[in-house]
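Please go over the structures that come below.
Shared between the two complexes below is chain A, which has chain B as its partner in the first and chain C in the second.
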Partner chain A sequence: MQKISTRQVYIMFILTTLSPAIALFPSFVARHGSAAGWIAPIAASVGLIAVIAVLHGLFKSGRFADLHGVFGGTFGKWSAKPLLTVYLLWTFALFLLYVRYYAERIVASMFTSVNPDFFIISMLIVVFFASRAKLSAIARFSEVAILVFAVIFAVFFVSLIPTLRAIHVLPVTHYDAVPVLRSAYPIVSVWGFITLFFFLGEHIEKPDLKSFAKKAVLILSVATALMIFLVVGSLGPDTAARMPWPFFSAAKLIDIMQSFDRLEAVLSSIWVIADFILITVFVFIITNIVKKLFNLRESRYLTGPVAMLGYAGSLLLAANTRELELFAASSTTHAVNLVLCVGVPVLALAIGKMRRAL
Partner chain B sequence: MSTDKISAGYFRQKFPENPDVVFNEVVIKNSSLRVTVASIDGMVSSQLIDDYVLKPLFQEAALGKAKDARELVSLMMLGPVYHCQRKVCNTVKDAMGELLQGNAIVIVDEAEAAVSFDVKGFASRGISESSTEGVLKGSKEAFIEVMRTNTALVRRRLQTDTLKINTTRVGTRSQTAVSVVYLDAVANPETVAAIKTRLEAIDIDGIVSAGQMEAFLLGRRNSVFPQLIYTERVDKFCANILEGRVGLIVDGLPIAYIMPVDLVAFFQAPEDYAHGHILSSLLRILRFSCAFIALVLPAIYVAMVMFHQDMLPTQLAVSIISNTVAIPLPSYLEVLLLILAFEILLEAGLRLPQPIGQSVSIVGGLVVGQAAIFAGILSPGVIMVVATAGIAGFVLPSQDLSITIRLFRIALVILSIIGGLYAVTLGLIAILFRCCALDAFGVPYLAPFAGGGGKRMFNDTVVRAAWNKSSTRPADIGPIDSAKQGRQT
Partner chain C sequence: MTKFVIFSATLLALGTADIASMRRERLGRELIPYILIAIAAGVLALMVFADSQSLIGHMIHGV
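Right after this comes the complex of A and B.
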């Protein structure tokens, strides 16, 4: 089995957060954090560091290869299976959410009169073939994609600077501490996805989580903060809070040399790369959880059923974009995410230390 | 195992009606011993046979002192018949191999042995300039069809005892000589072993084309991406050997293969190393940009015109639309037809002799293109887009990669017709993902950008670092000695 490096895990993780980041963060932080909302990712990075530290604690002994093993070793075999089932159901729900979210975004930004089915089916076909390959292929793909996104972000940031209004993002005072922390809540919830990667632990070379962690946290928090800073700074917190896709609305303001504008279609199509990585990684995680849950030898043949259920489930998940947004932004969704991606690993670490199982 | 004994009769019987196989019976001076000199006319030098084989056999008194046939063979090896490359053959298979390779064999019936003399003299092309990889500044030497000449060219450039040239024969009937070339203290032994294993596993009657060799070397060849580099240039070959790669020289082919390689290697041209690193880097960036233009420009044009007209600057949109008003074909059909016409012109130009090929290009490209615009069949915008993409593809040093890009260009145009920029992106994802899944002899195809651990990403890739900053060999090919400068083993 060709294993992937911790560096590749972090790169995949950064890319999987890009789609939720542009869909959820700008409007949420603008609503709760107002002008100071852009600081929320910096505050959330403390939460991410804590999650990484917990995961490091779980795997540093090398006794367990993946989260399934950790749960079995700490909570006991009988508790591990139901817990794994909960993870499976929640990961699958997130998978459906992001499949549908991606399709709705394409419809909203590029093809307003096209049925989202077309985009869901076409993406799931590509994901189906991709997830039948080795995990190392998607890890390598992410390594190239992060370079593409670095360039895109750089162009996006530079192009949006002329539209920036200081009054939209400044001043920031100590009175903003509580709103900033409230804004950081969904960011930590999404960044908690890193925990889910460790269901793929057996595909990862010696999970030494400390290496590359600093760089990953820095890249993620700075890029997210900059993105929110420019989007909210260009549109204003009140406008950004009320818009379904403030990121693409900000992109509409870009005008390169008074010749090229309306670049949201280009951005939206490039963001398909991030969606592809997110959806493929979720398929890998789901099939691996199913493999562990039912003690299967092979998980490749599960990709077909997962893709088909993904298609049907994503359409049933919400009747329209509004319902989808309510589900994605609801406190319950973030709470479940936080419990499963942060709470349970913390509990596992505590019990594991007490039982000397780690 | 063959039980046949070496005798002149055996060889005469094997080649009964082959006038090119010549047998000369010689009676040794002052002796009753008889030998037969066999050679293949056209493959040997008559003068060499006359001067260094027949003359001593007829005239050397020392040979006449031989008491028996065995002693005669020993004497031939020890002096009287002096030639730098001689060898005793004790089996029919060995002697037959020597004869068929263009050597002369002296058959001594009573000893049931033969002595082979390397008197090859077949006509071959002289060392000339490369026809496909020309450079303004640099060596003009190119490989020819004779393997031994090619290995000598390599030896002349790499005068080190660590240079290993292991020769094997491939093809049960063609017995094509193939040399694996590498630096013993540098190349990854696993790669060398893998290549040798694949060569040994080849079970075919004959290797007559480059494509056959490539297919066997790559194992399963169901990918359209080139995974082997071939070169006519000796300097390029040697530079890659020095990097720690393994070379393959095949008798009968005026090219040599280099492996393992990644995608970036297909963007490297010999001239990059003749200029300073800044100029070379700019050229490299130009090549990568051209590859991207060649791949996506027609697809983006179709997507813009069909689905995303609002993204075009107003003046440009007006200009495109006004030019297409009188055109009876939709834009996507125009693009597809023109790409097809471009491919036809390209193929016609390749198959015809050079002067006629040039005429075809001029008539096809300029005359027919101009006429199509005047006749209102094609719009100038489409011609510009397809021609730009076509010419951008020719900037690439590798023809194999250029062909792959042409193939994907058509696929992306079809996708853009179906789903605009969205479908083009999905297509690019599929192409990139396929590249990510590829490994060539254990080296990730997109290394060092993917699978290379993030090292050497900007050293001889999209840009070329200065020589003093480029002190290590590419890590992804796993060289034993990674230092190119300073510490070396």
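Right after this comes the complex of A and C.
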């Protein structure tokens, strides 16, 4: 099996956070952190460093290849299976959420009169074929995609600078510490997805999480902070907090030499690449968890029914964008994410150290 | 109804193709999760095409 490097894992991780980042972060951060909200990703980066340190602690001995092995070795074989089932159900829920979010975003920004079914089916057909291939192919595609996103981000940032109002993002004082920490909570919860990548342990070369970690955390926190800074700085915290897609609303303000505008449609279509990587990675994670749960030899057969379930489930999940937002922004969703992506690995590390299993 | 028939036919066709290519010696074990996920997909599809209340709607407003 052709394995992927830890560097490729980090690149895929950065790309998978882009979709939730534009959907959730600007409005949530503007609501709770107001003008100082853009500092939240910097504060959240401390949480991400802690999660990476915990994962490094779990895998540094090289005794376990993936999280299934870690749970079996620390919690015991009989506790690992129910825990894995919980992870499977939650990963399914997130998979359905992001499939539907992708379709709703395309409908809201470009094709307002088209049924989201069409976009869900098109995406899931592509994901079905991609997830039957090797993970290394997706990892290599991600390496190219991240360069495209770097250019897009640079153009977006530079074009938004004229619309920026300092009063929307400044001043930041020590009184903002508590609101900033509150705004960092959902960011850490989404960045905790890095834990889920380690269900793909057998596709990853011996995980050496320390290499490239600093660069990945720096890229992610600076890019997210800049994105929030420009979106909230252009629209204002009150407006950004009330909008369903503040990122695309900010993009509507871009007008280059009164000739190029409506860039939100271009951005939305390019963002499909990030959605594709996110959804494909989730299919890989789901099929790998099922493989471990049922002791299967192959997992690629499962991509068909998982894709079909993705179609039906994403349509049944929510009736409209408002319900999606309620679910995605609810504190329960973030709490479950934090427990599974941060809490359980911390517990596994503590128990593993006590039992000398790691 | 038509949508559900198309959905079921696709699921069945995919399933037949997948099962045909599975290894015979471990077919029983490999089939269990496959069938479970396919049944879950079928049930969700039935609910969607019967215009059921959304899952998040159930959580917000109750059953």
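Here is the rule we use: the second predicted complex is superposed on the first by the 358 of 358 C-alpha atoms of A that agree within 3 Å, B and C clash if a C-alpha of one lies under 4 Å from a C-alpha of the other, contacts with A are read in each partner's own complex, and residues count from 1 in each chain.
Quick note on the criterion: a residue touches a chain if its C-beta (ideal position, glycine included) is under 8 Å from a C-beta of that chain, and two chains touch if they have at least 3 such contacts.
Quantities reported herein were computed from a predicted structural model and do not represent experimental measurements.
Engineer: Superposed on chain A, are chain B and chain C clashing or fitting side by side?
Structural biologist: Aligned through their shared chain, the two binders fit side by side on chain A.
Engineer: Can you tell me whether chain B or chain C touches more residues on chain A?
Structural biologist: Partner touching more chain A residues in the overlay: B.
Engineer: Answer with first, second, both or neither: which of chain B and chain C does A:Val346 touch in the superposed model?
Structural biologist: Neither: A:Val346 stays clear of chain B and chain C.
Engineer: Can A:Ile273 be said to touch chain B (first), chain C (second), both, or neither?
Structural biologist: first
Engineer: Examine A:Met123 and indicate which partner it touches, taking first as chain B and second as chain C; both and neither are also allowed.
Structural biologist: The answer is first: A:Met123 touches chain B but not chain C.
Engineer: By the touch definition at the top of the document, which applies to A:Gly304: first (chain B), second (chain C), both, or neither?
Structural biologist: second
Engineer: After the superposition on A, what does A:Ile106 contact: first (chain B), second (chain C), both or neither?
Structural biologist: Once the two structures are laid over each other on A, A:Ile106 reaches chain B alone.
Engineer: Should A:Leu293 be classified as contacting the first partner (chain B), the second (chain C), both, or neither?
Structural biologist: So A:Leu293 only meets chain C here.
Engineer: With the two complexes overlaid on chain A, what is the closest approach of chain B to chain C, counting only CA atoms, in Å?
Structural biologist: 21
Engineer: Determine where on chain A the residues touched by chain B overlap those touched by chain C, and list them.
Structural biologist: none
Engineer: Would you pull the chain B residues touching chain A in the complex into a rising list?
Structural biologist: By the definition above, chain B touches chain A via 307-308, 310-311, 313, 316, 419-426, 429-430, 432-433, 436-437, 444, 446, 449-451, 453-454.
Engineer: Once bound in the complex, which stretches of chain C touch chain A?
Structural biologist: Residue positions touching the partner: 7, 10-11, 14-15, 17-18, 21-23, 26, 29-30, 32-34, 37-38, 40-42, 44-45, 47-48, 52-57, 59-60.
Engineer: For a test of understanding, state which residues of chain A touch chain C in their complex under the given definition.
Structural biologist: Chain A residues touching chain C: 290, 293-298, 301-302, 304-306, 308-309, 311-313, 315-319, 323-324, 326-327.
Engineer: State the interface residues of chain A toward chain B in the complex, per the touch definition above.
Structural biologist: By the definition above, chain A touches chain B via 5, 7, 106, 110-111, 118-119, 122-123, 126, 129-130, 133-134, 136-141, 143-144, 147, 259-263, 265-266, 268-270, 272-273, 276.
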